[in-house]
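There are structures below to look over.
Shared between the two complexes below is chain A, which pairs with chain B and chain C, respectively.
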Partner chain A sequence: MTFLNNLKRSGAICGLAWRNLWRNPQRTWLTVGAMIFSNVLLVAMITLQLGMYDTMIETSLKTMSGHLQVQKKGYQDEPRMRDGFAGVARLSRELRRELGLKTISARAEGFGLASSAERSIGIRIMGVEPEAEPRVSSLPGMLGEGRWLKGMEAEEIVLGASLARNLKVSVGDVVTFLGTARDGSMAAAVVTVVGILETGIGDVDRSLAQLPLGYFQTVFGMPDQAHRLVIQLTALDQVEPARQLLRETLAQRPELAVLDWDALQPGLRQGIEADFVSAWFLYGILILLVSLSVLNTQLMSVLERTREFGVMLALGMAPGRLARLIMLESVCMVLLGLALGVLGGGLVAACLAHWGFSVPGMEEAMARFNLPGRIYPPLSLPGLMIGPLALCAGAVLASAYPALRLYWLRPLAAMRSR
Partner chain B sequence: MAAVTCKDLCKTFSQGGERVIGLERVTLEVEEGEFLCLSGPSGSGKTTLLNTIGGLDTPDSGSITVAGQCIDRFSREQLANLRLHNIGFVFQAYNLIPVLSARENVEFVMQLQGRGLATRRALAMTILEEVGLAGLEDRRPAQLSGGQQQRVAVARAIASDPVLVLADEPTANLDSRNSSQLMELFAELNRRRSATFVIATHDKRVMDFCHRRISLQDGRIVNAESRAAGSA
Partner chain C sequence: MSLLLLTKLAWRNLWRNYRRTLIMLAAIILGVWAMIMMNALMRGMVDGMLDSGLKYLPGHAQLHHPAYRDDPGVAHSLEALSAPLQEALADRDILGWSARVKVPAMISSERDSRGVVLLGVDPMQELSIGFAETDLVQGRFLESATDPSVVVGEAMLKRLETRLGRRIVLSSQTVGNEVGERGFPIVGVYRASLPSLEETLVYAGREVVQGMLGMGGAVSEVAILGPDYRRLEPWFGRVAAAVDEGMVLEGWRELDEYLALSLSIQGGAGIVLIVVIFLALSFGLVNTMAMAVFERVREMGLLLALGMPPHAMLYQVLLEALFLLLLGLLAGNLLGWLSLQPLLSGIDLSALAEAAELSGMGATLYPNLRGVDMLRATLIVIFLGLAASLIPAWRAARLDPVTSMNEY
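Up next is the complex of A and B:
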C-alpha cells in the first residue's frame, strides 16, 4: 500500500512538474532549444569523430601492420634476424583454412647496406609474398613507377621513392645489398629495381626495400622461415574472435605469439585517445554552457515561484518532495531536449552514414593510400548516446542547486517573499 | 479532548536590530470542535501564535500539542506530515496555485496524501459544491473573484479532512457581503464536520461568529471571552 501511495504521489508530482514547465513556454523552449541544438551537434560530431577514428585505424592497419600478426614471442619488443619461425608455408595454409581468410601474408625482415654505382645507403629489407602481400597491405598499390614483384624467387626489388632518389637508381637499374644472414654469415645479392614506392610516408619512402620472400629466405639463409604472419580482417570487431581462434590453432606452437593491432601499434590507440580527450574538452565547454542555461532557467523559475512553494510547504508538502518537484521539471526538460536532440542528431548522422563526409583536399590524400576519400561514419549507439547522456547528466546536476535551495526553504519566509 | 494545547509559548524576533516580542508565556487550550478567534491589533501576536500552532514557525520555548502529538521536537518532514493530515490553512491572500484549476487546487492536498484519482476527484467536486462553487471547478484562480478564490482556499483547507483549520485574516481582502458569507460557511463547516477552527482576525464581524475570543496584546493573552454558539 505504501508503494502504491508513493506511486500515486509521484504521478501527481510528475503531472505538476510537466505543467509548471509550460508556465513560461518561451523560456522553456529556449532552454530545450539550446539542448536540442547541442545534442544534434554532439551526435553529429561524435559520430564523425568515431568514424574518423575507424578510418584512421583502417588506414594505418592496411598500410603495414594488419589487424593481427603471428610472431615469435619477444620479436615485437626486440626484433632480431634469428628470431624467425619455421614452417611458414604450412602455417600460412593452415591459418587461411582455419580463419577462412585469404588475407594472410608472411614477411621476413632484415637490415643491410644497399649500393648503386654511385652510393651506399643503410636500408630496411623486407621479404614479402608477391601474390599475398597486396591483400594485406596497401603499399603495393602505391607504386609511383614500375611494377610490383613477380614470383617468390625473382631476383628483383622495390624501393621507396626517396631511397631510389638517394641511390640515384630508377626502374631497370641494378642494386647490390649486403647484410647479415640468420647464421651470422654475410648475405649478399644483386637485384634489379622493378618498382618505386611513393607512399608519402617518410619512413617508408626513405628506407624500405621489398623483395620476394623466397629470394629473401635464400639470401639470408632462413629457408621456409619468416618473422611475421600478417592477417588483415574486414572489420575491427573481428579482431577478438579471430585472435581466440588463432590462439587455439597455435596451441601446439607455444613459441609463437598472437598480437593485435593495439600491441603492434600502441601509439595509434594512444593518439586516438589523446584526440578523444581533447575533443571532450570542447564538448565539455558546450555541456557546461547548456547546463548553466538549465541552471539559469530553473533558478529563475524557483525565484519567481518562491511564494507558491512556501504555500505548498505550508499545505504539507515535504521539503524533500518539493526539491524532487524542481528536479523533475529539469528532468522533463532534459528528456525533451534529449529525445528531440537525439532524433535530429540521428538524422544528421544517418545522412553522414549514407552520403559520407569529406574535407576538401582529403580525397586526393586518401587516394594515395588506396583508401576512399569520403568517410562514411557508421550510425552507432555510442555515437548517438554518449554526448546527449553527458549533457543530460550535466543539466540534471545543474538543477540540483535550485532543488537544494528549495529543500531548505522555510514556508513562512517563502510566503512573505514577493 | 483538546485539539491544541500551548504551554508557556515564548517567541522573540529581531527587527532592525531590536528585539521584538512575538509571544510571551502564552498558554492556551482549544477543545475539539471549537470555533475560536484570536483578536488583537496588528503586531499583537495573532499570526505568530497561529503559525506556531501550525508548525510553520517554532517557539523559542514552551510546548505545543496538536491533535494529541507534541510537536516540540518534530523535524521539518514530520511537521509537513502533521500539516498534511491534521491541519488546514486559509490565508489572507488565498494563496492558490495559479496553474491549477479550482478543482485541482482542492485535489492538491489529497494528491499529496496519496488518494486515488477517482476518490479525490469526487471528493473535490462535493466540497466545491459544499462551498458554493459548483460549475466553477475548471476555472483557474485568475478567472475567479476574490470571494470565490477564498472559497476555493476554504475547500482546499477542509479537503484533507483536518482536525484543525487555521485561518489568518481570511476576510481581510473581502467585502462585507463576501466576509459574512465566508464566516457563515466556516460556521456551517464547523457544525457539520466538527472541525476545530482557529481564526486570527481584527474584524469585529468575524469575532461575532466565534464561540470564544482570545485577545492578544504585545504577545500576551489579555482576555478570553466565551460566547454562546450562533449568537451572531
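Up next is the complex of A and C:
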C-alpha cells in the first residue's frame, strides 16, 4: 500500500513540477529552445565525425595496410630490403588454417628505377600474391584498364594511372626495372604492363607498381621470402583476439612481430584523437552556455516564487522536498530538450546518412587523407546520445544551485520579500 | 527624451536584477573567450601549414615549362632566362629567386636505394628563398653551383644507412633518354619540419646536375619569394609581363591547392564558429531581455502613459542589451588575450607528430591572435545580439499603457 501511495504522491509531484514549468511558457520555451538547438548541433556533428572516422579507418585499412601484419621485428620503423622473413608460403598456409581466414596475403617491397622507352622514374615496387591480394586490398578492384596479375611467376606488372602516364606506357608496353637485390647485387627485370589502376588516391596512383610475388622473389634474390604478411579482418573488434591467436601461433619464431593497424598507421588514430579532442572544446563550450541558460532560468523562477516558498516552509514543508521539486522541474525541462533535440538531430543525421555530406573543395582536402569527397555517416546510438546526454548532465548540474538555495531560505524573510 | 537619460536608465535597469545580468554576462564572456581562442588556434594551425608548405614549395610563385607540372622530367625544362625576365626578377619587391633543376631520381647507398626528388641548385639563390643554414644538423651546405657533393635529409641518411662523408649514387633520366648516374659525397645533412620532406628532397650543385643529365644551361623551375604570401602583387604582375615564351608563371595558390584551400576554409570556418557559439548564446540573451521587459511591464506602462515615446522605450531596451554585450565582449576579449599569452611561445604537438605531419603542420603550434579576428567576433556579436534583442524591445515599445499599468 505504501508503495502505491508513494507512486501516487510522486506522480502528483511530477504533475506539479510540470505545471510550474509552464507558468512562464515563453521563458521555458526559450531555454528548451537553446537545448534543442545545441542538441541538434551536437547530434549532427558527432554523427558526422564518427562516420568520418569509420570511413577513414575502413578505407585506409582496406587500401593497403590491413588490420594486422606479420613482419620481421624492426621492419616497420626501418623498412630494409634484407629484413624479409623466410618460409612465407608455409607460414601463410598455417595462419590461414589457424585463424580460419582466407584474407591473408604476403607482400615484398623494393626500390628501383623503372624505365620505359621514353622515361625513367625511381619507384617503390611491390611483389604481391595475384590470387590472395584482391582479398586483403581494395586496390586490385580499381582497375582502369587491362587486367589484374595472373600467376605467381608471370613477368607482368600493374601500375598506378599517374605513374603509367608519367612513364608514357599503356597496357601491353614493356617496362624495365633496375634495383638493388637482397644481397646488394643488381636486380633487373623486364615486365609487360597488364593493368593500370585508377584509385583516385593521388599518392597511390603516382607510386603504385605491383609484380607477382614469385617473380619478385626471383628478381630480388629472396626465394620464399616476403616483408609483410597482411591480414584483413571483418571488423575492428576482432583485432585483439586475432592478434592473441597469432602471437601463440608464432611463438616459435621470435624474430617476427605482429603489428595492428594502429602501429601500421600511427597517424590515423592520432589524427582521429586530435580531431575528437579539439571538437570537444567546441561541444564543451556549447554545453556550458546552455547550462548557464538553464541556471539563469531556474534561478529566476525560484526567486520569483520566494514568497510562495516562504509560506510553504512556514507551513512546515521540508526544504528538501522543495529542492527536489525544483530539481524535478529542471529535469522535466532538460528531458523535454533532450527528446526534441535528439528527434531533430536524428532527422538531420538521417538526412546526412541518406544524401551524404560534402562541402565545396572538400574533395581535395579529403583526398589527402585517402577519403572520398562525400561522406555518408551512418546513424548510430553513440552518435545520437553522447552529446545530448553530456548536455543533460551539465544542465541538471547547473540547476542544483537554485535548488540548494532553498536550504538557506528563512521563511519569515522570504514571506516578506516583494 | 535625451540619449543621456536613456543611457542612464538602461544602465541602472541592467543592475536591478544583478544575478541574472551576471549569469548572462558570464555566458557572453565564455562564448567570446571561446571564439577568440578557437580563431587564434585555427589561424596558428594554418600558419604552420603555410610556413612549412611555402618553405619547401618553395617560394610564393614559380615559373615552369607548361607541361612540367603534369610530367616533371628533364624533357620539360626552361632554357636560359632572357634578359628582360632576369631584370624583372631583380624587382625590389622580390626577396629572392632561385633557378633550380628538379627531377625525379633514384638514390642508392651500398645498403639500400630510394626514389627521391633531385634538386640542382645554386646555394646562394637557394638560401635567398627559404633554405637556411640553421636547417643543417651536420656538415655544411653546398658551396657553389659547381659543388660536386650532395646535402640530404636526416631521415634519408637513416634510411640509406649511410653517414656524412660517405658516397651515394644518384641516377636519373638524361635529356638523351639514357640513365645518367653519378657518385656524390654527402657533405651536409638537413632537418625539415616534416620527416617526409627529409626523405624526398636531395640538394646537389646545379651545374653538376645539369652536366650529369646533359641539360646544358636549362632548369626545371624558377622559384620566386615575395615579401608577403597574402599579397603577390605588385611584383607578380611585373614578372608575368616579362615571362618568356613557353613558360608559365603560377602563384602558390595554383601550385598547392591544398594549402590554398586550408587558408580559405580557415576564414569561413572562423565565421561559422563565431555564429554557432553566438546562436547558443542568443537564446539566453533573448530570454534575459524578455524577462527584463516582463518584470517591468507596469512601470513601462506608466512611463508610456506619462508620455514617453514608444521608440524611446525601444532604444532603452536595446541600450540595455548593448551594455550587456559590450561588457561581455570587453571581458571576453581581454580574457581570450590573457589566456593566449602563455601559449604564444608554442604548443608542443610532438605527441601527435604523425597526425600533424598528415595535415602538413610542424610539431609546434603557434597560436596567432589577430586584431582582425577579435574585431570580427566583436562586430558579429554586437550586430546579431542587437538583432536578437529587437524582439523583446519591440514588444516593450508596443505595450498598451492602460492594460499594462493594470497588470499585476
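The rule we apply is simple: the second predicted complex is superposed on the first by the 269 of 418 C-alpha atoms of A that agree within 3 Å, B and C clash if a C-alpha of one lies under 4 Å from a C-alpha of the other, contacts with A are read in each partner's own complex, and residues count from 1 in each chain.
As a working rule, a residue touches a chain if its C-beta (ideal position, glycine included) is under 8 Å from a C-beta of that chain, and two chains touch if they have at least 3 such contacts.
Quick caveat, the model's predicted, so the values are computed rather than measured.
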*Is A:Lys102 touching the first partner chain B, the second partner chain C, both, or neither of them?*
neither
*Which superposed partner A:Glu308 touches (first chain B, second chain C, both, neither)*: first
*asked:* With both complexes overlaid on chain A, does A:Arg93 touch chain B (first), chain C (second), both or neither?
replied: neither
*Can A:Lys73 be said to touch chain B (first), chain C (second), both, or neither?*
neither
_On the A-aligned overlay, A:Lys150 touches which partner chain: chain B = first, chain C = second, or both, or neither?_
neither
*After lining up the shared chain so the two structures overlap, which partner does A:Met415 touch, if you call chain B first and chain C second: first, second, both or neither?*
first
*Can A:Ile285 be said to touch chain B (first), chain C (second), both, or neither?*
second
*Can you pull the chain A residues that chain B and chain C both touch?*
none
_chain A partner contacts - residues on chain B that touch it in the complex_ = 51, 54, 56-57, 76-77, 80-85, 87, 89, 91, 95, 97-100, 108-109, 111-112, 114-117, 156, 160
_chain A-touching residues of chain C, taken from the complex the two chains share_ = 17, 19-20, 23-24, 26-27, 30-31, 34, 37-38, 41, 71-73, 104-108, 110-116, 158-159, 161, 171-173, 177, 179, 257-258, 261-262, 264-265, 273, 276-277, 279-281, 283-284, 286-288, 290-291, 294, 352-359
*In their complex, what parts of chain A are in touch with chain B?*
4-6, 8-9, 12, 16, 19-20, 23, 307-308, 311-321, 411-412, 415
*asked:* Quick check on the complex: what are the chain A residues that touch chain C?
replied: 24, 26-27, 30-31, 33-34, 37-38, 41, 78, 80-81, 111-113, 115, 118-124, 165-166, 178-180, 184, 207, 266-267, 270-271, 273-274, 278, 281-282, 285-286, 288-290, 292-293, 295-297, 299-300, 303, 361, 364-365, 368-369
